[in-house]
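Input: structures, listed below.
In what comes next, chain A is part of two complexes: it sits with chain B in the first one and with chain C in the second one.
Right after this comes the complex of A and B.
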């Protein structure tokens, strides 16, 4: 019983319930949706968004934002594709991708936390610079026609239809979740986002924590770029454009507060699945895919508005209770004084 | 002397110097650049961003942010197209309906931000999905395929002179494109609204300290909501001008402008934490960006696809420089040098 209660209280449980409801409603509209392969496909297609979402979740938890991850994805996907065209090994691709992600993350982190530039502005600038670099690296070409092991792994499924990449992503989600909830340093991210001043007072380096968050975010986006290239086998110059907004939306759906200090990784992963399966659900309900953005928008706004209203109500009731306690205890105090 | 010092401390002075530098460099590289006609073309090419930044500045001064305006450009455009071509409305009635619809969109997001207390970034992110999705749905009501765009707006071409609806985007008054005249009028309107009225004063106060503003009797919610409505209406104006200029109503017009708009506002010195920023700064910043986007390809042969790079570099360098200068690193360095020489 206790475990059930604890689960229901967890912040990501509402997003999980929401996801299950979405699946059930779709199943009611079209029973053929509720087959194993369809549901697994929903998770498999969420691979890239999940990677981006858990990466940016670190940054959002510390109370900052990173809008350059779409461009990081584009750059690392292009580089992966170009290495594949030359017949390079997967190890070389991964090293390049990780280096790109870490370098961009370090740059963002230093700009935001050391120099104190507002994060939206700074990462916006990084976004522009990276888009330019992509263009210079690829000379404006679309990177395509690459074969070899990368293209094979992209659509490989290990067991029961779960793709290799989604399995690795799941492992990363679990690691990220355990790190942020179980380890001491992992809890710093939430602590810094919740109350930076308080965190400094107890001896946490806000500067270092934020830089690490940005580096993790960049690395995750880099890996997502590798997955992009491997999965689609074709990388255009505009690859990853707008992915940052989807990743942020996934985090919001997963119950991570954009003002920081609230939320967890499982929520972000569930949010990513919701975001990426909407278009598939629409097909089964029988609506054309043109409804995609409308439904996403309505859902996003509805969830955050409901969340804000319930939070405000909780604060109100807590305040009222506090005031009530105070007025009840007052006569007693008076009695003692008299 | 004190005036000079005061001027040097202002961000706008730096922007003006930067703008002059651009003119000198581009003018030296290619004298054709300095013709008034080409400079006006530079502004006309970027007029949507120029117009919308004026009002997004206000949203950001009030402590919010608006990333949905770009999707409202497309929504306005397609509503005008569908009402005019498929529903048989008079074009001006269609424009009015589209502007009203945009205002409604802005009011909806503004309501959630101001009255429900949701973070503005999240609401307008949802709004950008919602309104671009609606635009696509509206385009589905038309007989014209969505990718094609509805064209053939009334123009009654007489020689080379555009009249009627197309005058908005193509017409000229005294040799100046009509779009630029609208932009100038809007600049004066914004300067008046933000720097000369009680409304503007209240907006700054809300941006600096919302609670203090609330306690001093300002209806903060109504003011905040109004900024989102204004931003949406400005997006509708930009969408109408763009539709008229390219003679095509499409659901995805202006879809890539979000980051460009925020970049220009921020470069103009508006802080996204609220309470800081001027219209003049925003105007100068948008001019700097559009002249750079025009000048680099014309004078130095930079590919038009690769214009994000210089704009991004300038944004990063400028905000870093401003932060460093703001921390008095430079002034303290000067002081140290002075004391050493003395």
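Right after this comes the complex of A and C.
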């Protein structure tokens, strides 16, 4: 009973309920949506969104944002494809995407926390720079026709249709979740987003924590880029465009507050599945996939508005409750109550 | 000789010597030295801008001193960042506790430690038992009262085995009962040999909890020694610049308000809101009504509710007989009420605009300075009038408001409130954070208002201020009015005791 209660209280439980309802309602409109293969496909296609979402979740938890992850994905995917065209090894690809992600993350982190530039503006700039670099690296070509082991792994499923990459992603989700909830340093991310001044006072370096969050975010986007190239076997220049919005929406859907300090990785992962399911369910209920971006945007705004309102309401309620206590309590009772 | 010196220093838990710090050309600390023995409670008092918080931030490693040394237990410590201060055993409980609102009490306390959690929990339980703290560790921090948040902060400090606790105005947001329990905690800590720097504005507290006292003014320590050697008057003298005159010119001759023949301009009947209840009073034209009480008594909430910034729960507000309860701030301004906020920077000023734009900003939604485009000439005229009237020290009307001193900024904010020609002006802490000279000017301005027939409602935590200029005073205690004083009855004693809930020698408990 206790575990059930605890699960229901968790912030991501409502996201999970939302996901189930989404499936059931779509299932009513078109029963084939509830087929096993389709449900598994929803999860498999969530691989990249999940990687991006848990990466950016670190940044959002600290109270910042990163809109350059779509471009990091694009650049990493292009580089992966180019290495594959030359017949390079998967190890080489992975090292390259990790380096790209870490370098961009470091750049963003320093810009945001050391120079104090608003994160939206700074990472928007990074986004522009990276898109330019993609054109320079690829000379405007679409990277395609690459085969070899990358392309094989891309669509390999291990058991019951679950793809290899999704399984690895799930392992990463679990690791990220444990790091942020169980380890001492992992809790710093949430602490910094919750109250940066308070974090400083207990000896947590806000600057370093934010830089690390950006590096993790960049690295995850780099890995997502590798997955992109491996899955699709071709990389256009615009690869990853708009993915940042989906990843942010996934986080917020999963209960991570954009003002920082609230939420967890499980939520982000569930949010990513919701986002990938929405693009699929459009097809099943007969809407063109051109609606995809609009719906993502509308959902993002709707959730953020609700989040902001509940947040403000909670603060206001707490304040009013405190003030009312003051007029209700008699002097003798002013002490500490358990 | 050198040996003796070293010994006396080693006996000090914390010794700060000759600290200097300047921000740009503005020298905030001009060679400050303080030292603390084990178990010493040093009360540090001083006005705003005296440099107390800068000094504390340097001790905590948040700022770096330009010169000077900090020693803990006789060893010099390089306070490069807060971690250095924490590991040296110094912990600051900030004025507004800095907890993580979305975390539990336990997570809050254990955050930032390197030790194993089970062992920390055990130590935490011991500390809580020793101090008899009863606090549910699984509660979210955002459900705690300020007093409880302070306890959490103190526990954080104790768990770090802090030898020195810095308490920054810990009682400013506490109720009377909470203050008493905090004092018991301080006594306990003192007996355990923990040293404390106790920053406060309340002189009575100095004699209640401190063993030593130091007064800071303009970046230097002007007075220090064991509490026993001082009394209140000596402390007040230490706080004031040597050339201060409490009363200036003809302003002190008291013109009584003609209560018999005047109708109240503002009447509050049984008003209740968040933070106050059953508040009734009348305000007459040409009257200065002081509202005294400790911080957190509900005064600020009362006036912001009257000014339409929070919800009224019950009762009525009448302006010249018309019901204005619950009107929006914009409508209240038009009806003839204006408000000078407590916090100039947060609610008062448009910092990067000129003095004249600031003075006339309340007129933007009227037609006084033009219909569509702003009539610069009129704007200048109005601003110049107030600058002259108030003796505001400026170079040019087009200078940024931020370039003025606190006192002159406050004059501009008051001028702005007056530019709408209100019938009622509400002043919230009109002289907070401004120097003694400008304070006299502000008092003169308030008296001019009175002479012009404007009704002034003045909230002030500075009881001397109420004594000096109010025609009548009411005191607020725990959200209710617990005393009303006519001009003859107003004095330091009566207001102070009423502010702390004692009326006619009795503790009032509803």
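In this text, the second predicted complex is superposed on the first by the 287 of 338 C-alpha atoms of A that agree within 3 Å, B and C clash if a C-alpha of one lies under 4 Å from a C-alpha of the other, contacts with A are read in each partner's own complex, and residues count from 1 in each chain.
Assume contacts are C-beta pairs under 8 Å (C-beta built on N, C-alpha and C of every residue); 3 or more make two chains touch, one makes a residue touch a chain.
None of the values given here were measured: they were computed from a predicted structure.
S.K.: In the overlaid three-chain picture, which partner chain does A:252 touch, first (chain B) or second (chain C), both, or neither?
M.R.: So A:252 only meets chain B here.
S.K.: Kindly classify A:93 by the partners it touches after superposition: chain B alone (first), chain C alone (second), both, or neither?
M.R.: After superposing on A, A:93 lies clear of both chain B and chain C.
S.K.: With both complexes overlaid on chain A, does A:195 touch chain B (first), chain C (second), both or neither?
M.R.: second
S.K.: Under the stated touch criterion, name the partner, chain B or chain C, that contacts more residues in chain A.
M.R.: B
S.K.: For A:320, select first, second, both or neither according to whether it touches chain B, chain C, the two together, or no partner.
M.R.: Second partner only, chain C.
S.K.: Quick one: classify A:118 as touching chain B (first), chain C (second), both or neither.
M.R.: The answer is first: A:118 touches chain B but not chain C.
S.K.: May I ask you to decide whether A:132 touches chain B, chain C, both, or neither, giving the answer as first, second, both or neither?
M.R.: In the superposition, A:132 touches chain B alone.
S.K.: Under the contact definition given at the top, report the residues of chain A touching chain B in one complex and chain C in the other.
M.R.: none
S.K.: Per the contact definition, I'd like the list of chain B residues that touch chain A in the complex.
M.R.: Listed in rising order, the residues are 65, 67, 112, 116-119, 121-123, 125-134, 136-137, 140, 256, 259, 262-263, 266, 271-273, 303, 305-306, 308-313, 315-316, 319-320, 323-324, 327.
S.K.: Sort out for me which residues of chain A touch chain B in the complex.
M.R.: 65, 67, 111, 115-118, 120-122, 124-133, 135-136, 140, 237, 241, 245, 248-249, 252, 257-259, 288, 290-298, 300-301, 304-305, 307-309, 312
S.K.: Would you tell me which residues of chain C are touching chain A in their complex?
M.R.: 60, 62, 81-83, 86-87, 92, 94, 98-103, 107, 111-114, 133-136, 142-143, 145-148, 151, 156, 174-181, 272, 274-277, 296, 298, 301, 478-480, 501, 507, 509-510
S.K.: Help me check something: in the complex, which residues belonging to chain A touch chain C?
M.R.: So the residues of chain A in touch with chain C come to 184, 187-188, 190-191, 194-195, 197-205, 261-262, 314-315, 318-320, 322-327, 329-338.
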